[in-house]
Amino acid sequence: EDYTSLPRKETLIVENPEGTIKNPGWFNIWVNGGGGVSTGLQQLTMDTLWYIDPEQGLGGAAWDNSLAADKPQYNADFTEMTVKLRKGLYWSDGVEFTADDVVYTVKTQMDHPGMVWSAAFSVQVASVEATDPQTVVFKLKKPNSRFHAIFTVRWNGAWIMPKHVFEKVEDPLRYDFANPVSLGAYKLKAYDPQGKWYTWEKRDDWQRTSLARFGEPAPKYVTYTDPGPPDKRTIAQLEHNLDIIHDNTPEGMFTLKEKSKTIDTWFPGFPFAHPDPTLPAVIFNTQDAPFDNADVRWALALLIDIKAVDMASYRGAATLSALGVPPTAATMKDYQAPMQDWLKDFEIDTGKSKIKPYDPTVGQQIADILRKQPKFKDQIPTDPEAISGAFGYGWWKPNPKAAGELLEKAGFKKSGGKWLTPDGQPFKIRMTVEGDTRSVFTRAGTLIAQQWAAFGIDAKAVPAAKLWQTALQPGDFQVAIAWSVETWGGDPDLSFFLDSWHSQFVAKKGEVQPPRNWQRWSNPELDKIIERIRGISADDPKGMELGKDYLKLVAREMPTIPLMSYNVFTSMDTTYWTGYPTIKDPYTDPVPNWANSRLMMVKLKPAQSQ
Amino acid sequence: MENLVEIDNLKAYYRAFLYGVDREVRAVDDISLTIRRGEVYGVAGESSSGKTTLIKTIAGAIRPPLRVVSGSVKFHFGGGTQDLYAMTPEERMALRWKHLSYIMQGSMNVLNPVRRIRHSFTDFAFRHVKLSKPVFFEKVAAHLERLKLDLQLLDAYPHELSGGMRQRMTIALATILTPEFIIADEPTTALDVIVQRDVLSMIRDIQREMGSSFLFVTHDMGVHATVSDRIGIVYAGRLVEEAPTAKLFSAPLHPYTQHLVGSLPKIGDPTTRPSLEGRPPNLAMPPEGCRFHPRCPKRMEICSQKVPPLVTVAPERRVACFAVTGDQV
Amino acid sequence: MTPYLIFVLKRFGQFLLVVFLGVTITFFVTHLTPIDPVEESIGAITQMGQSDPNAIELMRQSLRELYGMQGSIWQQYLHFWLRLATGDLGPSLSAFPTPVSTIILRSLPWTIGLMTVSTLITFVLGNAIGALAGYYRKDMVLKAVSLVFIAMLPIPYYILAFVLLIVFGFIWPVLPINGGYEMNANLDLSFALVLDILKHSILPALSLILVGAGSWLIGMRALVSNIITDDYVVFAELGGVPKGKILRSYIARNAMVPQFTGLAMSLGAIFNGTVITEIVFGYPGIGNLLIEAVHAGDYSLVLGLSALSIVGVAAAVFIIDVLSPLIDPRIKVE
Amino acid sequence: MFTIIRDLARQNMEFLCGLLLFAVIVGLVILSYFSPYGATDIYLLPPDMPPDGEYWLGTTSRGQDVFWQLTIGLRNTLYFGIGVAFLSRIISLVVGLVAGYAGGAVDRVLMAINDSVMVIPQFPLLILFYFVLKDNMTWVALIVIMASLGWSYDARLIRSVALGLKSRPFTTQSVYSGMTMRKILVEEHLPYVLPIVFATTMNNMIWSIGMEITLSVLGFTDIETPTMGMMIYWANAHSALISGIWWWVAAPVAVIVILFLALFLLSMSMNEYNDPRSRLNRMGS
Amino acid sequence: MTLLSLSHVTKIYRQGGMLGRRLITAVKDVSFEIGDEPEILSIVGESGSGKSTVAAMILGQAEPTEGELQFAGKTVAIHNRAERTAFMKEVQPVLQNPFEAFNPLKRVDRYLFETASNFSTSGKRPNRREVEKMADTALHHVGLTLEEVKGRFPHELSGGQLQRVAIARALIPEPRLLVADEPVSMVDASLRMAIVNLFGRLKNELGLSIIYITHDLATAYYVSDNIIIMRKGEIVERGRARAVLDDPQHAYSRALKDAVLAAEFGEVG
């Protein structure tokens, strides 16, 4: 084919936050082989049984039956799951998709330790079989009401393998899956051997894919690219060479908003960004003294001036959360709003007095502060509802006096303006932050450390380039800024993260902690909540009540100090395409590395006539 | 014999304004002399008495901090008259090597160390001749043969030659164009005595063949005795005596010259030789009057007050000493 | 055997020794890294939505086996040399099972291409200006040009590169600022592609040249100002050799002797890549690969890249040592 | 000493310029001790203020005064550069002088080590150290690590001079005066390699400060210590160039350029002063 | 007993490093003695004839490949610092170029003081006053005083003064033998005589023996008692200096004598 560049009007150009792919020719997503995942591979060519959208979704609900024809069917004790599959779906090479593919996916992975979902299947699946071409039956080793989660895409899930391709391969672990066969609406067109870009082309038979239920995808080509550091992304978008920036610095976003007339953002005004269903928090290593003491944790929480932190990290462009769930649009409705009254009445005992720490007006206050800045004046919502949605409801009021009382209660002493621990040592806190990778967290951590230091604690932020691997997993930290809570986003079921918070999974000191419960916090009450959630199905309304119990518990115990949403500064250029997801039409998350972003393809419209 | 070079009242000083030192070294102070066509004029004197400076000035090799303060150097090349310090740099360039070549002190180390010797001939001489390259090198070959230098040496690097060979090569380079005037600064120092003798006889030979004039500097009186027709004795930046070689050795007039000639040991003569007392004068602050007077055995009252002029006391003989010339001005 | 051959052999022995020591040090330092490639991989996998701690433990075991990470560090060290002897750098741990050599070879030509050209241009430019500035010390234009280059030297490379990028890619967008060639380019060899590649290399090369020329310039200028007082230069001047000739054949030629050693070192150091260039201009190359590998605890890859760089620099030193008797005839073979 | 400086300043334009620029640097460093703001305090001032009468060089997006931030950053960077240069000079001097003077087996062993260090790629090593040391990666640690990487090339240079010095007659004179090797190296040979040491110091500082900035920009250093690199890191993290907060970047760059021009001019004129040739010129008085 | 004796000393230099094959016989089967009586022994000969190599071996800077060197009846062997110090107390060098023999960046008195404190005759480390006294005494022998020299840099002294300071320094340990390798070749005629005369005086006044290596046959004739003429590493002629030079026997010695340019008016060849 004689081309140097694709027709721009038919091409959607998207940032891939993975950057440059180290092993660009590797498309075997079932093996972690250095290839890209959000190069379009998982968004455009993969498919699996179900999706839960972080926002509203397209089919009228966040839940979407994708390859499956229906929701999972469990038996009474949750040891067997039956899945009905859709008919008429085809791989891009013309082979029909059947239950055999699903069975093959599970069995192959179980047979090949080292494949991505291998262990997850091996631990749970006793047997899997296709009872007919559209039915798969899983028998589980032990009861699990959430087994389907493994096949449910949030960001990603267990993708179905093309049996007809892999069965001819000698060793699926060493197979690169070059020229990937696609189950999605797009197939590979070309990719950069240097790993900087991947281009996918709409399948001629896109009707024979699960996405076709929502209409025809508009872009003929989709290119996922590594546009370089934030400033270069900004330049690229200002020059209309990049349709979607996955994430930017707050300042980069402000610059775009200021200099470009064609930028769409999740919130049309401040804070622009999309709140990710993850919850940045100050995470204590609760296995270590003195952070094993809830009073100390609370004291430190009461020393934080969240307004300053908000301004420092996101320059006000954050959605606050005092509760242990990310303030996404769905949880705002399901948890944050209903629990406001409880929060207002919530009391803690400092040992000397009882105080009500919650300040319900913080979101409002931040909006007021921002409105004073001439640059942003017009972009700040005025409707209290919209303000709460954008900036959050409230947060803990700084209360140094109560914090001091709490510390004294925990046996601390203040001497010469410095706090001493119960054993007489200076109270020293090293707050591990992530360095350059998530600079807003670093900014927040630096300021929080400064606020603690101002109170007479020897606090300092230290960056760790690989925070997760070098600090959180081995438990080699005192306090860190990261997240240990992430939810489905669009679904109120909290088991997505909560299950792994059970005390059965808390590693001993010095050992590697499995994901999520980085605070290594265990609590009998929490275990009870988790066990009850395990006993009910995912869409049982009782789940939400248990969720609230969890929120109340962590508010009292403060194992982490929830701060705000993880705001992703996604910006979308409307020069060539319109119809991006925004708060006004929240059909999906705009963040383009999520597999759900495939929904965008069918909602986008060319902005210019072809 | 006609004069080839005329030097009049030449003064050349080193002006040093160096880091806390502000000084003027009067290395050549009011020297006049003439060099005739076809003669070898030797300049002798103590170390750091200004010999090198004098001939640098004559060769026009002036670079800061050395400065010609006054006086003139005139050549009579090719029948005309050239005033060295009134010429443009281009005119001076045109003289070099064709009419005037200068063999610097340390002539063992003046060839470009990273290029073959052949290139030096091209660089220095080729542009003055109207010959093709091969013809030019034929000429070079003939010249080298005359100097008993192997032709193959042209393709050697300087370091591959012994010191004596290098020195001869430099002399060959300086004489290839048969210039009218050749200046050489200690061309045989640091040579083995046997080698030295060969080099000297060679210089003498080609000088005779070509009829060039030589200006020759060394403090080795033996060398002067061998090569020079006339000798000028320099002491502390001044010419103190000038005489034909034979006369100078047989009847030196100036006390310094007398000491110089008298102190030379000779094989077969075991008598004790005196050594000169005191130290050489500091040219930045030379003694008042006669510069030799602090060390002079014949020192008189006037010597420390007045500078003795260089007086012609006999044909071909000039001397600057009150003890010889009396208190005349 | 001729003395020269003996000399070459001895130098070669030294080269092998240095490579051996260098690689050994790097081997042990890289194995000190607290980042465990297995944990990295697990991190990537759990990011894909799994968090069942039992499954993670199982995965940990299988990956450890798969990546061949058993055995003491000494065994691994021995194993490393045995494998290396057959030219095999082993599989990358962060891109298992792709061989390290495949990954490196993919990026290497870009690094070599960009760096060789810009190093040579930098060398010629810096030395030319340095030689002129050292010879014509009073020339105001040369003084000014030198000063500009010298002032450019300390500017943080990141900033300089970014300013270039903003100027030529944004304010006055005439040059491409990302990648080694156009996005979605047809990569079949063609004149258009070559042109495109050249165009994309202008800014990265320019940035490298601007920051690099200054140090050559300083070095050359200092050398020249020493050499102009050397006897053979003075002699040539007195011999009326034309100035240009003196500058070229006498001064620059002699100054080149040490400068060539520096050039060889810089060419050898090419294999270090230039991380910042690659980050700022999104230029393909091994610099970024290295950072990624370090991040991922992929010590196979780190070691592969380091070994390449060690061999590169050591080979450069070796070659220059072996050639130096030819460049500088004075250097005698012991 | 004073007269030397005075005369240098009077006779040597370069020295004078270098001295003036250096005075600016020293002035800034001294001022840093009188900063009205804590070095790491943020959000004390209105952010993003352009340079004006109140904030001479403007404020950062983090609510810091660029000028005062600059003074402290410069101080730390300078101390860092000096620390690395000083330590690595000591190593390269010891190795170079000893190898050159002792010769033989000592020389071969030292040069094998030297060359091995020379060929080791520094950048991955530095990052690895950063991972290994984590919180312990203080500035002092970084200084030590950088110093132990940055001496080999200069040691070779020094060795080559030392080789020449070894055969100089005054070395023989010293030996027969009964001086120990240490004394000969330190008192007789050291002065001759000082010009090289001066010249390489500047290069070493350019290298170490450049490396500091590179590491900082990539986030591999202690972010709580303000340095030039850290300033650029934070500016970069706040997209300062693209959002028009140019003063945040321009100020540290300008100061670094001033610092190096000062060092360059000084070292150049000092070299001239130190050059034996100019000393020889003074001989014969 | 003899002060110094060389018996069948050969020195072979290997060129081309460890594996090199080119051997250079710098000194070949050389034997000579210096008796207890103080004497000045001149060694003359062509360039590269091995004169400096002989000097280096006597000074302990090079080890003979074959043959033996004995000093005061003991084989010269230097293995450690103590032996070296002991040896240097007895044998001291005078270097060729006075301008090069001192570190131009250091004061010249430094070398005097260092020598004095390292080689004190009393055995223990002398104090500052004693050191200065020793230096002054030595300087008196060469016609200088400490006052003239103290605090001066080499460039502040004339070549003759420098060479005399160098000799004075060599005298401080009260050695019995001075080895002077071409001590006058870089100085002009008048200085040359001053130094040569000084050698004669030192021999007479201090009872020092001096090995005087030179190209200058005239001064050798003038000052030395005995002479050795070398060529290509071998001794071609030896004997009382005046006798040998007045009537050289060996062809090379004659050639050498003929090549001397008499400072009288005459012409070569």
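A, B, C, D and E are the chain letters, set down in written order, and residue numbers restart from 1 in every chain.
Methods note: a residue touches a chain if its C-beta (ideal position, glycine included) is under 8 Å from a C-beta of that chain, and two chains touch if they have at least 3 such contacts.
Nothing here was measured: the structure is a model prediction, and the numbers come from that model.
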item: Which two chains share the largest set of C-beta contact pairs; value: A-C
item: Most remote chain, CA-based centroid, reference being chain E; value: A
item: Longest centre-to-centre distance from chain B, chain (CA-based); value: A
item: Chain centre separation in whole Å, for chain E relative to chain A (CA means); value: 88
item: Interchain centroid distance [CA atoms averaged], chain C/chain D, Å; value: 23
item: Inter-centroid spacing, chain E versus chain C (mean Cα positions, whole Å); value: 54
item: Chain centre separation in whole Å, for chain E relative to chain D (CA means); value: 47
item: Where chain B touches two or more other chains at once, by residue number; value: none
item: Chain A, residues touching no fewer than two other chains; value: 229, 231, 235, 465-466, 470
item: Of chain D, residues touching chain E in the complex; value: 168-170, 172-174, 176-180, 183, 187-188, 191-192, 276, 279-280, 282-285
item: For the chain C and chain A complex, residues of the former touching the latter; value: 34-36, 39-41, 43-59, 61-63, 65-66, 92, 94-98, 103, 106-107, 110, 162, 165-166, 169-170, 173, 177-180, 182-187, 192, 196, 279-282, 284, 288-289, 292, 295, 297
item: Chain C residues touching chain D - in the complex, by the definition given at the top; value: 14, 17-19, 21-22, 25-26, 29-30, 32-35, 150-151, 153-159, 162-163, 166, 215, 218, 222, 226, 229, 265, 268, 271-272, 275-276, 290-291, 293-294, 302, 305-306, 309-310, 313-314, 317
item: Complex interface listing, chain D residues touching chain A; value: 40-43, 47, 61-62, 127, 130-131, 134-135, 218-220, 222-224, 233, 236-245
item: Residues of chain E that touch chain D when the two form their complex; value: 61, 81, 85, 88, 92-93, 95-97, 99-106, 111, 114-115, 118-119, 154-156, 166, 169-170
